[in-house]
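Following: one structure in structure tokens, then a few remarks.
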Amino acid sequence: MDKRFTGMIPPVVTPFTAEGEVDLEALDRVIEHLIEGGMNGLFILGSSGEVAYLNDAQRDAVTARTVATAAGRVPVLVGAIETTAKRVIDRALRAQELGADAIVAAGPFYALPSAAEVADHFRAIHAAIDLPLFAYDVPVRLGGLKLGRDMLVELGKEGVIVGVKDSSGDDVGFRRLVAANEAAGHPLSLLTGHECVVDGMLLLGADGAVPGYGNVDPRSYAQLLEAARAHEWDKAREIQDRICAGFEIVFAVKGQGADGTGIPAFKTAMEAVGVLDNAYMAPPVKALEGENRQRVIDIVHAVGLA
Amino acid sequence: MDKRFTGMIPPVVTPFTAEGEVDLEALDRVIEHLIEGGMNGLFILGSSGEVAYLNDAQRDAVTARTVATAAGRVPVLVGAIETTAKRVIDRALRAQELGADAIVAAGPFYALPSAAEVADHFRAIHAAIDLPLFAYDVPVRLGGLKLGRDMLVELGKEGVIVGVKDSSGDDVGFRRLVAANEAAGHPLSLLTGHECVVDGMLLLGADGAVPGYGNVDPRSYAQLLEAARAHEWDKAREIQDRICAGFEIVFAVKGQGADGTGIPAFKTAMEAVGVLDNAYMAPPVKALEGENRQRVIDIVHAVGLA
Amino acid sequence: MDKRFTGMIPPVVTPFTAEGEVDLEALDRVIEHLIEGGMNGLFILGSSGEVAYLNDAQRDAVTARTVATAAGRVPVLVGAIETTAKRVIDRALRAQELGADAIVAAGPFYALPSAAEVADHFRAIHAAIDLPLFAYDVPVRLGGLKLGRDMLVELGKEGVIVGVKDSSGDDVGFRRLVAANEAAGHPLSLLTGHECVVDGMLLLGADGAVPGYGNVDPRSYAQLLEAARAHEWDKAREIQDRICAGFEIVFAVKGQGADGTGIPAFKTAMEAVGVLDNAYMAPPVKALEGENRQRVIDIVHAVGLA
Amino acid sequence: MDKRFTGMIPPVVTPFTAEGEVDLEALDRVIEHLIEGGMNGLFILGSSGEVAYLNDAQRDAVTARTVATAAGRVPVLVGAIETTAKRVIDRALRAQELGADAIVAAGPFYALPSAAEVADHFRAIHAAIDLPLFAYDVPVRLGGLKLGRDMLVELGKEGVIVGVKDSSGDDVGFRRLVAANEAAGHPLSLLTGHECVVDGMLLLGADGAVPGYGNVDPRSYAQLLEAARAHEWDKAREIQDRICAGFEIVFAVKGQGADGTGIPAFKTAMEAVGVLDNAYMAPPVKALEGENRQRVIDIVHAVGLA
């Protein structure tokens, strides 16, 4: 397992201007906030980075700027989120040119593949690039497609992938993946995206986490990791409970689609704590307004972050 | 309603070489086969065109070649299948430059939008292009996202879209859409993708169909349309039954993912009837082999197409 | 095929008193309304009969009264809706004692069976009873369980079932079932529950329909059947369109669960046309109130039923 | 919170004879095995008890026998699994007569209720019985119906329910339920059915668990609870990992429906460890055979249970 890709690696949000353009100066501030907050890596152009709403030029701009600003202090993992391998490879090669440290690819989508085609998808990507590859397991955005445990471990043993970001919400599946990975010699770095139960996931053997709420409160996640590594589990649980109290911002937003809920809540909270100047989203998604916005801000204050 | 976009408009398959490249000469033959078979338009770069597996250069090549070969004999509708509006627009503008007659766009995917964001998605695309826009309703590839009846008719009345390709399989929804469209002055051309019940859909008021199996047997669909327009419904049903007997090729393929079932069956049948020289698919999807291939060929012979 | 079980066989609603008890006198009026309206059979204790909300004593009361009131004028099909075969059989034998003409059973639910177990479920029921058995295909209430085409035709050939009530909404599946049933010598009576597209389903070969809205407007369904049998398809479509205009009552109800939508709308419309004195539902489901109730009544008036 | 209903409360399997009848003598042995194994209560007639396959007489027999055999050593919770409140109440009153200590009821099924109707469902049951009521959250068997966090805590505050058995597999939802329950004064006993991550669930505040695999290996779950209560979390994890190695029996079964997988695996393992003489299932579900059976036995031996 590549130790660089363990610990807390938040999916970095992409700030926007009022005109709907990527705000690179705000991105710099987010990056500093995360590195100073103790994060072990940066995962850009993931779902929380609103990757589906960015065109190729914007994706390149985010990649180049993050690499420049991170300046080697922590590794930069870049999402190459496209429907199939051929398209993923085009994006991954561009990220490679721009200095990415690793590529993160989901399974095929819009496409309706067989299990064997999913494995070949990752093999084709690996064969075409010169960077470590993470598999991103996110059924909720892939029409329910779940990456199989045995396939992931097999791809790890083949050297095709170096890790998994598990956003499947299937904790039994994750524990079984941890056990199978261990039995295979631990080829994979297993990162949970289940950011409300990171304490339990670290207890059962996760190598790290990809917490979206880490954009708001990186320090608590860094403390959680420290407590877990010290086997101070009751302390870890307390920190996680504190995180979860803040994470309620996600559930405080009503009447929106999913892309108008969690990420806008994160950005609104980041504005409240002073990291961002605004909470603009990629068009046509709107920033939170009215009661939704207020509820998020109230929670941020209630948990003492601002 | 724009009369150009009614009748039988098949989703054109994309032929490939053994090396996995788009086979433009074979594409020419497919186009001639469809126009000679009486089709009223061509819909390229849809799901049946394996659009999700093609990179931008390949999509451009298919568009340019189809426009050139069709040479104005029938309109060419071009799929701009991308996750969100900003990306759809990039693709649509390119298709526009290359001579497309209309653009076909699905709702957002990978993204998880609200209903209002879906409507704004189509409005943004329309505002950015100078071509008629079709909405493509295909929940099975969009994580279950169904385009709402009221939204579609409203977008029709606004002039945002000129029609709908309905691949939702929800025939009650389609009938309600037909009725609401009629009540609104028939702004939309409503095309069913439910290719096994086109007789019933024409009876209830569809303006046409987008039959994937039309790649194999365009003449029968042309005859079906003719019978329906003459109100010869028993004849229409007989033709549809004959089509359905051939359409069983899709269900004859076992043990594959969805993208390895219907389209490979179409291509194998097209090879059997002499339109294609092979049945290659976009990598990593494989052409049918063994029993799957044989069952398809047997059906093609049994129904007298070859 | 048993000709008794063809044509229009509505799923009879169960009237209730204000106290939540079954209203048997009102049930008599419903039965007369349906028989006078030209219906070919009565299907009691189905989903539209709120079977899931009735205990065994209530189910027995509805069965006995319907058999007595129908008095042999039309056959009475009785739903035996229970989780598994052993429980279905208990109910079916009771219905048999009470004079049922046929039993209607769904696949297993709450249970999570294999395909083979589903077939054995129907075989076990058939073996235990002395009445014709219908299979009821209703995935929306069975956690998505769809009865397979090949299994249904096989069970028909074995003599296990005499027909299918298809409420799956899968019209391509239904057409394939019609074709396979025909190829097997037509052992099954195939009834569509897709009440808004009965014209198209009759065109493609359905043996009849099970229309919930037939409780409101049986005459139109009788006319639709007559037109279809006379091959007057344009007339059939016109009648179906008129039915669909009235069926909009189902979509006029907002903010309810599914069981608080369609059936309450039917009952409210039946009150508006004078068949029922009220629109009470099985507790805890509430009768429609306020705007929901008014919208239903307005539609009933608009289509000229009251 | 009622302390009687905390700790390890396994869902007791129902043994069968070769003829498909409930085997009450074998049930006695299971009960002794569980009580001697340190279990804190017995949950009979749940999904693992194959409740959906038992008729009323069989359910009564299982209840009476369990009450008699347990003889007050541990509380007996009885599943009253029926489609709606009226039917649940009939069953719950019978269980009450037979000496049950608490009733466990799922939300409505086959029915398609609104959220308000689900709450009223539990209120109606509570009002009709004189026993503590547990809500059983099992979306996989209820067509996806998930019991809402706020509703559950509200029902707890009202005194309608005393606890929840959470088999939803939504661990974030469970943590949020734990937090909301705590904020409300802890009215509910929250038991996880997520038997592979009980360590993490106890860490985050679960009051206990309902482990199906506890039928096979109750001692390990008792040890896990003891370790957790002593805040020995690394030890708890080790025990849980050992449990999970054995729980792989569930995943070792291939080619079956869900009801032919987990419970048959439990029974086969119970036979291997000597608690049962056979592994018969309720008809038409079959006991494991051939490779499926052997794989389960091999795992049982590999983990040292037999």
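In order of appearance the chains are A, B, C and D, and numbering begins at 1 in each one.
Here is the rule we use: a contact is a pair of C-beta atoms (placed from the backbone, for glycine too) under 8 Å apart; a residue touches a chain by one contact, two chains touch by 3 or more.
Quick caveat: nothing in here was measured; it's all calculated off a predicted structure.
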Tell me, which chains sit next to both subunit A and subunit B?
none
Compute the shortest path length in steps from subunit A to subunit C over the network of touching chains.
2
Computing the C-alpha centre of each chain, which chain sits at the greatest distance from subunit B?
D
Dist(centroid_CA(subunit B), centroid_CA(subunit C)) in Å evaluates to 35
Chain centre separation in whole Å, for subunit D relative to subunit B (CA means)
49
Residue numbers in subunit A touching 2 or more other chains?
none
Using the definition of touching given at the top, classify the network of chains in this structure as line, ring, star, complete or other.
ring
All chain pairs satisfying the touch rule are A-B, A-D, B-C, C-D
Residue numbers on subunit A that touch subunit D, as the complex places them
169-172, 175-176, 179, 194, 196-197, 199-201, 203-205, 231, 233-234, 237, 240-241, 244-245, 248, 251
Could you pull out which subunit B residues touch subunit A in their complex?
47, 51-56, 81, 83-87, 90, 108-115, 117, 120-121, 124, 140-144, 256-260, 282-285
